[in-house]
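Several structures are given next for inspection.
The two complexes that follow have chain A in common; it is paired with chain B in the first and with chain C in the second.
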Partner chain A sequence: MMRYSRRNFLKAAGAGITLTAIEGESLFAAVAPPLPTPITKERATFIINGKPLVAEYEARTTLWEVIAVKLGLTGTTRSCNRASCGACSVLIDGTPFYSCHTLAMEAAGKKIFTIEGLGDEKNLHPLQKVGYLYMAADCGFCTAGWSVTAKALLDKNLNPSADEVKSALAGHICRCAAYSAIVRTVVDTAAVLRGEAEII
Partner chain B sequence: MKKISVYRPTTIEEAQQMLSMHGTDAAVYAGGTDLLIRLKNRLKQAPAYLVDIKKINNLRYIKEDAQGGVQIGALTKLAEIAESDLLAKKYPMLVQAVKMISSPELRNASTLGGDLLQEVWCQYLRGGYACWRNGGYICYGAIGDNSYYHSAMGGRLCYAVYPGDAAPALITLDAKVKLATPSGAKELTIEQLVPGDMMVDGRIQSHVVRFNEILTEVVIPPPKAGFRASFEKLRPRGVWDFAMASASLGLQLRDRTIEDARVVFGGIAGRPWREKSVEDFLKGKTLSTDLAAQAPTNALSNAAPLKYNATKIDMAKGLLMSGLEKLATS
Partner chain C sequence: MSQTQRPRTPKRKIEAGLHSAIIVNQPMVRNFSTGGGHSPGDTLVEGDEKIVTKKWQGYPPENLNVVGKPQPPLAEVAIPRYTGKAEYATRISFPNMLFAKLLASPHPRARVRKLDATKAAQMPGVAYILSAQNAPKTYPFPEELFFQGSIVAIVAAETEDLAEDAVEAIDVDYEVLPFASSLSQIMSGNAPDLSQGRGQRRGNTAPSVVQYGDVEKAFQDADIIKEFTYYYAGGVVAPLQPCGSVAKWDGDKVTVWGHGQGIYPPRAIIARGLGIDPKNVRFINKWNGGTFGGVRQASEKFYPWVAYIAKMTGRPVKLTLTKDQELAHMQVKPENIQKFKVGAKKDGRIVVCQREYFVNNGERSGGGGGNGGRSELYLHVVPNWKEIGHDYRTNSMTIGASRSNMQQEFKFGWEQMMDEMAEAVGMDPVQFRLLNVQKPGTKVSLASGGPTMAPVPEIENGFLTYDSFASVEVMEEGMKAIGWDKRNSVPGGNPGRVKRGFGVAMSQHHAGRVGYHEGEVGFERVVKRGGADVYESEIELNAEGNIILRFAQPDSGTNHGTGIAMAIAEILGFTNLRHIRLLWGDSDLAPPAPGWNSGLTTQLQGGALCTAADKLRKDLLNRASELLKVDIGRLQIRDAVISSKDDTKKAVTFAALARSNEGRVIRQHASCCHPGAIGRAMNRGIGACFVEVEVDTWTGNWRFIRAAYCHDTGNVINPLLAEADMNGSLVQSSQVATEAIPWDREFPGTRHFSVGYLSYRLPTIMDVPEQTQVFVNSLEPRWYFGTKGFAETAIGAPPGAIANAIYNACGVRIREHPITKEKIMAGLKAKAGRA
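Right after this comes the complex of A and B.
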């Protein structure tokens, strides 16, 4: 510990004077830049199925929580919440992502496509009609997920083979094991969309 | 999920400043496929501060350099690598390996840098058990159920296998990585980058990247004439899973004589396991299906399997054989 004696005081004062003399103006000019502040809360617009919707969320909020809890679009189901099942898939700018495993801030301002955008009870998408006929949805928990991923596949490729469908839908688990029906649905829906087949 | 605060730097220097400010309480956030699970399960390594480096815009590219090699930015998505025409032309084996990683949706989200530096996928660690990596003093994998993702080649503290598929493939291609550190850029080979369970900054991790360092680029040297490579992987479900065992082979051929060989096994040890004894055996021999049948007898003689995972060694040997057969017949 430093003692406040006259001698020490003079020493320190002298040092101060020499420093000022050497450094000159730079002593006063050096101002530390402000520390960056992290984001914990945000408010952003999500363009869900063409509709701009505003939500406020924390940094830790996942996209599924925004879509289903904050905005009330409950068609997208969350099952495992660990990116291990695929039930929660949505399209962000046309690319499939697991919404339970994407932070909401990643999708802020982007175009999101959920199962609600595919079709409703009065106006079913061919994928839903064919899937209904083939019983591709047993319990229906995984349906919202694979339907949008299949839509993304059909947007790119209107003539997918069964193997292409299998590799595109590899990230979806169906607890009822309706896999063969799902693959058949997507392959035959492509035929309907091409105009080569008709739903009776 | 654990409460987090997110920084969005626009330059690497800024990102390093933010990482240095919080020490090991901050982590780089890119694709988040691995990090979010750590946050959701509230593991001890789950950071409270994320540094989102996706706003740094010069880290996502695949480009050819003057010598004919390829540079891949660390933020390049795995899906972009899988669909890249340039890589498919030059290194078809890397594209084949990346196509086998995880599921299509996760490949859309996860980055190459994140795949190289991912945390192990031991069920005990991910389930929140207090193991070596999670603040405890025991490896549950070594004494418990180790039939899937635990080392069959021994271990130091943590017995979980290194789960990545890109790393063995890149070792075969002799790739290097560039790190941005506070004291300047650093270049490492992939083997130096992921040497198995290491104590770094007071934590056990598979890689040597410190808390304030950022992986920026993967550099692959130009493909040589006569270089043939293959990647084989076994998964419990055939898709989506991590490798039970994988074998990436690279052969430098003159006519059908093997001049140089690289044999790297993945999913059997805490690091991508380079098997020098098979490499030495293959050198100077003529590539044929007979050689493919002989090669596994020299492989993995120093294996030390745990109670339930001796099959991993058989899988790795089988993959070595089928990989060599494919190279011999094609």
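Right after this comes the complex of A and C.
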């Protein structure tokens, strides 16, 4: 029995195999390359939060590993490592991606935005300030992920409805279930950015 | 936003505040027989041994400046969560760090016949392979792999991928042994003997019987007798942070960053596991990405091995479990069957209850189910009771606390039984519960109290009496909040395809504990008896006038540090938290304490700190009195200034007092202890959950629309944090109704899924109901500011409430967990067939 794993998925993807959603497991089993995996080193520049950073990685290395391990930007958390929770989200050229299931090579040379780009303790983004006042994070493990997705939404839509916020953030699991606070945070941050509300 | 924009309308203000919580204040002095608390003029004399407690603990809930005011958590704890800097173990990173991965047993029960790691050891980037062959003698690997996911080897390599490559290259020859993982397997005639001499007879269970009253006679006298059976399939917590740890050596000292609910217990495990002095272990765990009671051991049991590999390689090592490995090692809610036979009088009074339960106890044998959680059920007024328990040892995960302990897993059935009984006697389910639930004044004996009740000095003539206990209010306020009058009088009686329904359930939890703090007679007595859980704490005033609180407990999103800081601020005469700092979650900085759980943190760890603050307050007043030559009674404290009430120019600041002391700090230390299995009073938490659901009778799909979640809280220290916490509790506990342990369909009860959250559906932002938190402020006279623990008072209720609401909506009763649309559909079809 070949179990589904990110490494197998990426190995297969790297070997140029077309994946079908159905019966995917047996496909992997039939064609996954034998061990040991050949390790091809790559080297590329990533423009993270406006700064060009160079990393060396294997062909199969994920974007998350490059950002959080190789480049030491540990703000982006990884939870499921199975493209199912959204914790690891970053923006690539303004679009949210699950970095645990994005190959680093796909993002090489592109503009990447992570939680570190949003704001730090001395210079908090309104999303962070409003989130703090509204208790949009309990444990905070999901926060980096939904925050960048919310930023992408607000960049495109400065007046999202609660339903629009929900559908934008539907790919983010918050196990502490701070959901209602998260929705209010994003809706009211938009009001702050529009100049219609101010943070006390 | 540019400054030049000037909207014509004034700007809306964004500030912290309650969203939809309702606080129901109770008077400070209440009539004992109606609302708990105290009769006017009462002096509280507790117990046979006459421990006298003043009517109010020295700090009554009056004239408060900080306690009770909603405010966001302390920035030093909360802001890092928004900036990506909260120091979870997973965020700890060192340049030369190795990454460890696990080889876990794929079989529910096996032995390793042969393990060959030669090929794996030669793989690129592999630094170390730990298995039974080279594990430290002080902390060996398990000999028998007792459940799927049991640990076989750990590989440390330069990257996670390289470690996983090597894990796959290890050759293991397993001797697969006969197994039984599920209740149906272990209860079948041909189950293997798993008892292994653990005090259990062959058959893997030793039935336990508890009985009081005259059960047989009571059944003869009952007007209505009904029998019911319910099944609960088990559950897991699935916190977002992956379980794991990092270990790093510095000479003969090791630092471990972990993930759990304590500092000193894991430190002791590491020291024992490595055979070293605990002084050489520094354990750090400040932030967690959720723990929910279940995580602890999934991280904890690996600490010594991770530290050992770090020692052997001379490099820092990080272990991160995958989601399926986590599932194998976290504590789970036990699968169980409950059978009830209940007798009632025509007027609705339950006079007798017989309860037989069968619990899948996993690898932990016996007793882990807390004897079926009887003391968490709330019918302490029922005079005749018989209970037959069967706890089975099985080849599945360890059971235990998992977003509360012994709550949803048993109340899913219990609360449906209460609904079915209410229907049988022809009563509204709320009125039926109100008739049968204990109220302030109800006396409970040790025999009837259940296994989590222990002898405490407050027992009077063999009984403890419920006092600060809002069983009536949580129900009445919940009815109002949800609009109970809109409930269908006939289940499924609404016309149309989509039907709405209402349901209720109650919950009692041992969490409403009150301990003893230093200075109380009970404290000395419990500590002298030995073996007590003692929470130590330290408070420090420094030369800058800041108050530093040192305590052990890690924060899992719980924000208990803020709640504690607010009580401390109140004691020390502050009107805000600006001068309070926390030092927590680090064994080098915080004094010893056991871990936290079930609403204990603010009570016991906080109680220790409040007691230290009380000492500090007295100390500072003494010093100021001497310095200012003013009688203590004529001094007042406000925001770090002590002044004379008669002449405010006679004043000294906290900072000045600290500076004038040797070492330029003033320190106080205090402890608080857990009194035994339950609190020192019958003030255990009580809660209720009212829900409204909608069922599509064409598809079986149902939707959770609204909930009123009601808690007997005592004085709520910070309603903002309480609301946020309880919103999460409601969503998580509701999910327990619809998800079981994610077993593989091909190997049910044997193999669990490996695909993480794809096979275990967690609620998303789309699934959250409209929620109202109801806090009934039934003041606890024995504790600081009338507070008590309430984190889990209502937590057992939601799954049963949902099942009851689905029944009310469409007339289908789901006695077999989990609730699925297929089961609802099957029920609807069966109903239509009958009609």
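Operating definition for what follows: the second predicted complex is superposed on the first by the 161 of 200 C-alpha atoms of A that agree within 3 Å, B and C clash if a C-alpha of one lies under 4 Å from a C-alpha of the other, contacts with A are read in each partner's own complex, and residues count from 1 in each chain.
As a convention for this text, a residue touches a chain if its C-beta (ideal position, glycine included) is under 8 Å from a C-beta of that chain, and two chains touch if they have at least 3 such contacts.
Because the structure is a prediction, the values reported are computed rather than measured.
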Which of chain B and chain C A:81 touches, first, second, both or neither: both
Partner chain(s) touched by A:40 [first = chain B, second = chain C, both, neither]: first
Partner chain in contact with A:97 - chain B first, chain C second, else both or neither: first
A:89 touches, of chain B and chain C: first, second, both or neither? first
Which superposed partner A:131 touches (first chain B, second chain C, both, neither): second
Chain B versus chain C as contact partner of A:116, first or second or both or neither: second
First, second, both or neither for A:60, with chain B first and chain C second: both
In the superposition, chain B vs chain C on chain A residues touched: C
On chain A, positions contacted by chain B and by chain C: 35-36, 39, 58, 60, 81-82, 167, 170, 172
In the complex with chain A, residue positions of chain B that touch it: 1-9, 14, 17-18, 21, 32-33, 36-37, 39-40, 49-50, 79, 102-106, 108-109, 239-240
Chain C-touching residues of chain A, taken from the complex the two chains share: 3-5, 7, 35-37, 39, 58, 60-61, 65, 68-69, 72, 74-82, 84-85, 87, 114-116, 118-121, 124, 128, 130-144, 147, 166-167, 169-170, 172-184, 188, 191-200
Touching residues (chain side chain C, partner chain A) in the complex: 1, 5, 7, 9, 11-16, 19, 72-73, 75, 78-86, 88, 90-91, 93, 123-124, 159-161, 164-165, 168-169, 238-242, 287-290, 292, 322-323, 556-559, 720-721, 723-725, 727-728, 730-732, 754-758, 762-766, 768, 771
Footprint of chain B on chain A - complex, ascending: 35-36, 38-40, 58-60, 62, 81-83, 86, 89, 95-98, 101-103, 105-106, 149, 167-168, 170-172
